[in-house]
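Both of the next two complexes hold chain A, though its partner changes from chain B to chain C.
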Partner chain A sequence: MFKNILNKLSNKSEYVEENASIRVIGDRQSGKTSYMASLAYYPNASSDSFVQSIIPIGEDAENLVTQAQNILEQGLELEPTMLNANIDEVKDYTLNITLVNQVKLTINCKDYAGEFFSDLMYKIGDSLLDDYLDDCLQATGIMLLIDGTSHRKDSEYANGLDKFLLALNQADLDKGKRRIAVTFSKCEQSELWINRQSGEKIANNRFPQLYRRLQAWQKMKIGEVSYFTTSSFGVLGSQFPEPNSQKISRGREGTKSIIKNPRRWRPYGLVSPIYWLCTGKRNAKLEE
Partner chain B sequence: MGNIVVIGPRLSGKTTYLAALSYLPALRSQKGKDNNFKIQPLNDESRDLAESAENILVEGATFESTKIAEGGVDSLPYYSFQLQVKKGLFKKIENIQLNVRDYPGEVFEKIADRNLSDEIHQEFIDECLMADVRGCLILFTHWEHGTDKFYYKVMSQFIKLMDEKQRTQNLKLAVVMSKCERGELWPGRIDPETDLFGIHLPRTKTILQDSINPKNLRFYALSTFGVLHKNDPRPNRIDQAGSNGSESVLREPNSWQPYNLIEPLYWLSKV
Partner chain C sequence: MGVIYIGDRAAGKTHLALELANPQSHYVKVIAPDYQYIKSLLYDENLQKTKPTEAFKSVYDQYLNVRVQLPTGNKEINSYWLDTAGEIWRKNWQTENNSQWQEFLTKIRESEGILLVLPPYRQLVHDQFNREDFITQQQWCNRFQRWVDFFRYDCPKIRHLLLCLNKADLFCNLQQEANILGYIPNRSHFNWQQRNQYVYDRYFSPIHPQIRELNKSISGLSVKFFITSIYNRSLLELPWLYLGSFLSK
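Showing the complex of A and B:
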C-alpha cells in the first residue's frame, strides 16, 4: 500500500484517497463534540496549514458547523450530547479532508454520548449498550478521546476499556487489524502542552493502567494502538505559548473551559489521529 | 521542559517564592537589570500571582497560607512560566517551559504521620509522585534544635513513598534552605550542602544522600527577600505577628533583590 501511495504522489495530477469509518468514544466532558466541531470548521483556521480543506458533507455535518460557531466564535459552552434511545439516531458526520500532499481522507464519524463510555465502565448486559458496541465493531477505526487532565480516572478508564477490548476481540476478524487512536484532548493546558509531541509518554506517565492494557492488547497482534495529543482551542502565541482557553472548572472529571480569544483560534493536532486511522502512518507535519 | 511541584512545611515560603518568580519581569524592568535568566508568566494563574505579588510583597501585606480547598488536589493552581536562559556570551538562548504546582504545607507535614488512610492526603501524594512530575523543589526553613529530627522523619517517609511509586531513580529533588537572608544563614549560601545542611540539618542531609541517586539530588540556598545591599547584608525583611505565628514582609521594597530564585528550577527542568 505504501508503494501505491508513493506512486500516486509522484503522479501529481491524482489524489490519493483513503477512507475510514470512525467512532469517537470518550467519557463525558472529554471534548468529543468540541473536537468534531473544530474539525468541521477547520477551513477558517489557518492558511499555511498542512490541511488544505475540510468539507462537511450532509445535514448532520453542516449542523456541526453551527455548533462550531457557537463554541469558537461566541465562546459558548456546549450542552452535553445525550444518549439516544436508538443507535440509528446517532448523528453520522461525513467529512472530506484534503491535505497539501494531495491525500484525500473521507471519514464517517459518529459522535457517541459520553454516557456510552461511562456505561461501559459501570453497566453490564444492557441492550442499548450492546447495540452501541455492535455498531462500534462495524467501524474501521476507533478514536478514544480522553481529557488529558482527568488522569485521576485512569483505573476507571482501564476497566471500561477492558470490556470494550473484550467485545472487539470477540467480534469476527475479517476486517483485518483494528486501529485505536488514543487521543488526549485539552492539551492547550500548560502541563500537557509541553509534552504534546510525545503522546505515548503522556499515556505512560499520566494514565499508566490504561496504557498497560492497550500495550497488552497490541501485543496480541489483533490491533494497533497509537497515541496523539490534540487541542480544539490551541494556544496563543508561539514563543510564549498560553492556553487559548478560559477555565470554568477543574475536577476529577477533567477541565471544563471555553475559548478565550476566538479570533486567534488555532486548534492543534486535530487531523493527526484521523490520518493515522486512515493510513496506518503518522504524519509529523500534522503534529507540529 | 517539565512539570514540577513545590513542597515544604507550613510557612516555608512556598507561595511567596512563586509570587516573587512571577513578579521578576516587572522587577527587572524597574531596575533595568539583565541576567542569565529571564522568566515570564504564561497562564492566568501565574499572571494573577504576579498581580498579588505586586499588591502584597511590595506593599507590605502577607500571603494567606495555602489551604486544602474543597476540590482537593484538583483545585490547586498550575502556574506556568517560560524560562529563557542565556549562559555565556556565545551560547544559544534556551527556552524552557515550566509548570509548577504549589502544595499546602499541611500535606507535607502530614507525611510524617504515617497515617495515610486520609483520602485527600493520598490524593496529594499520588499527584505529587505521578510519573509526569519531573522534579520536586523541597523548601526547608527551620534549623533550630529539633527540626532536623522532624525533617528527617518526613523525608524518610517521603523516600519510602517514592520507592512505592518507583520514583527513586527518576525524580529530581532540589533541596532548598529558604529565607537565607537571615544573618546566621547568609554566609552559608555559597556552599549550602556543607555550610547549611551539613551543619544545621545533618540527619536530613544524610538520609537524602543515602537514598537518592546523586545525579538527582542537589542542595540550594535561596532568599526571596534578599538583603538590603551588597555592602549591607541586613535582611530585607521584617517579621511581624500574623494569624499563624510570625510572617514576613519586605522591608524596603525599592531595593528588593531576591537571591538564587531561578537556579534550582532551571536544574530541575533539565533532562
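Showing the complex of A and C:
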C-alpha cells in the first residue's frame, strides 16, 4: 500500500502543469454558464476519454456542479447570469483538469454576464463596462463563446469585438501575445455537428465579418486566435447522431434548449479550447 | 433575499401555507414555524376553516422556512408570505402610506423568487360548485394585467415568477393531473419543461398575451406555471421543488 502511495507521489512530479486565467465572454444565451457547469460536472465521462478527471475547487465551482445536477439534469434552463454591480463579485471558478498524457491544467475562469458583451456591442463610456474590460485584461486567455446558430447577429458581434480588441490593444503590451479561443457552442445541432472538427470553417462561412476582424487582429501579431466547437449536451447515438437536447425556442438570438436525456448526457469538446489557451497547442484527441 | 409568497386576499394562500406545513410531506417540509403553531395562528377549530387575515392590516406578512429535498441534497428556502389588500394598489394609499408601500416594494425587489397565488375564475370552476363565488374570466384577466404592470414597472429585476392557479380541486381531476405532473426523482412522467407547457396551455390560456408581454419586457425573467390545491400534496410541492433547484443555499 505504501509502495502505491509512493508511486503515486513520484508519478505526480511527472505531470506537466499548465495553467491559465480565463474569462468567458459571449452574448446573452450563448451558453456560457451551461458550458462552465457541464465542464465542472463533466457527466458520463467515457473510460477511454482523453480527459482523465475534472475536479472543481472551492465553493463557487462546487456550486456549479450542483447547478448542473439540480437544474440542467432535471430538464431546466440555467438562469441568466446577472451583470454584477461590482467586478469583484463575479464568481471565479477554479478547475483542475487532468489529461491522460500526464498534463494537468489548472484554470481560473470567470463567467461574465451576457449583458457585458451586449453592452460592448451597444454602449459607450460606461464605468462598469470599463471595470469589466480592465478585469478582462488581467486574463491570460479569453474564450469568446458564440452560439453557432446565431449567425444572423454576425455584424453585431463583429462590432462588439472591435471595441473589445481596441481595449486589449490599448492595454499593457508587455503581457505578450494574447490568445482568444473562439468557441462555437450548441454544436449538437446537426447543421454544426457535421462541421464540428472544422471550427474555422464555421467561422468563415457563418460569421464572415467576425472572422475577418479576428484574422486581421491576428495578422498584426499581437495575438493568436483559434476556433473550436463545443456542445454542453452532446448527441445521442453515433451512427445517426441526433442532438441530446430539446429545443425550446429558435430565433435570431440563437437556440435555447434543455437536455433531452440526462442519462446519456455527454458533452463534446469542452476541454479543447482550454488546452489551447493554456499551452498554445491544439490537441486532436480532445476534439474527437 | 428569499422567496415571496404573495396573492390577493381569498386566493387561498393561508390555507396553502398551512397545508404545506402538514408533517405528512414528500419532498418539501416546512421547518419553521411548526405546524401546530401555524395551525393555532391560522386555523379556527370552531369554524373548521382558516381565519380570515386581519383586515385592518393592508400588508400582512409571515415568515416560512421551507426545506426541499433535491437530487443533490437538501436546500432551505426562506420565504415570506404577504397578503395584500385591494387598497394597496391605489395610488392614493401608496402616497398616504409611503413608508409601508416602500417596505413592501423593497421586500419584493430583494426576493429571489415570487410565488403568486391566483384563484380560479368563474368559467373554469366545475358547475357542481357555486360559480358565483368566483370572479369572471374578464375580471381575472384585468386583475392579472395589474400584476403585470406592477412587475414591469415596480420590479424590473425579478428573475423567477411562479404563477400558482390555486384551488385546483374546483376545476380539474386532481389525481389525474398529479399523476402526470408529479415529481418522482429521476422517474417523473414529465420533465420540468413539459410540465410547464402542459399547465400553461391547459389552464392559463386567457392570459397568454399578458405572459408574452411580461416575457418581452423583463429580460432574464422566467415565468412558470403551476396548479395547486390543499388536497393534493404532489401538486402543492411542485412550485417549491422548482424554486429549490435555483436558489443558491
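Everything below uses one rule, namely that the second predicted complex is superposed on the first by the 271 of 288 C-alpha atoms of A that agree within 3 Å, B and C clash if a C-alpha of one lies under 4 Å from a C-alpha of the other, contacts with A are read in each partner's own complex, and residues count from 1 in each chain.
Basically, contacts are C-beta pairs under 8 Å (C-beta built on N, C-alpha and C of every residue); 3 or more make two chains touch, one makes a residue touch a chain.
Every value quoted in this text rests on a predicted model; they were computed, and no experiment measured them.
Of the two partner chains placed by the overlay, only chain B lies in contact with A:P241; chain C stays clear of it.
In the superposition on chain A, contact of A:H151 is made with chain B only, not with chain C. Once the two complexes are laid over each other on the shared chain, residue contacts for A:R252 go to chain B alone; chain C is not touched.
After overlaying the two complexes on the shared chain, residue contacts for A:W193 are found with chain B alone; chain C is out of touch. Considering which of chain B and chain C touches more of chain A, the answer is B.
In the superposed model, A:Q74 makes contact with chain C only, not with chain B. Applying the stated contact rule after C-alpha superposition, one finds that A:Q209 touches neither chain B nor chain C.
Comparing the two interfaces of chain A, the one with chain B and the one with chain C have residues 246 in common.
Across the interface of their complex, chain A is touched by residues 1-3, 40, 42-44, 71, 73-75, 78, 80, 82, 95, 97, 99, 123, 126-127, 130-132 of chain B.
Residue ranges of chain A in contact with chain C, taken from their complex: 28, 63, 66, 69-71, 73-77, 79-80, 82, 246, 248, 258. Residues 70-73, 159-160, 191-194, 219-220, 222, 242, 244-246, 248 of chain C touch chain A in their complex. Within the complex formed with chain B, the chain A residues making contact are 151-152, 189-191, 193-195, 202, 204-206, 208, 239-243, 246-247, 250-252.
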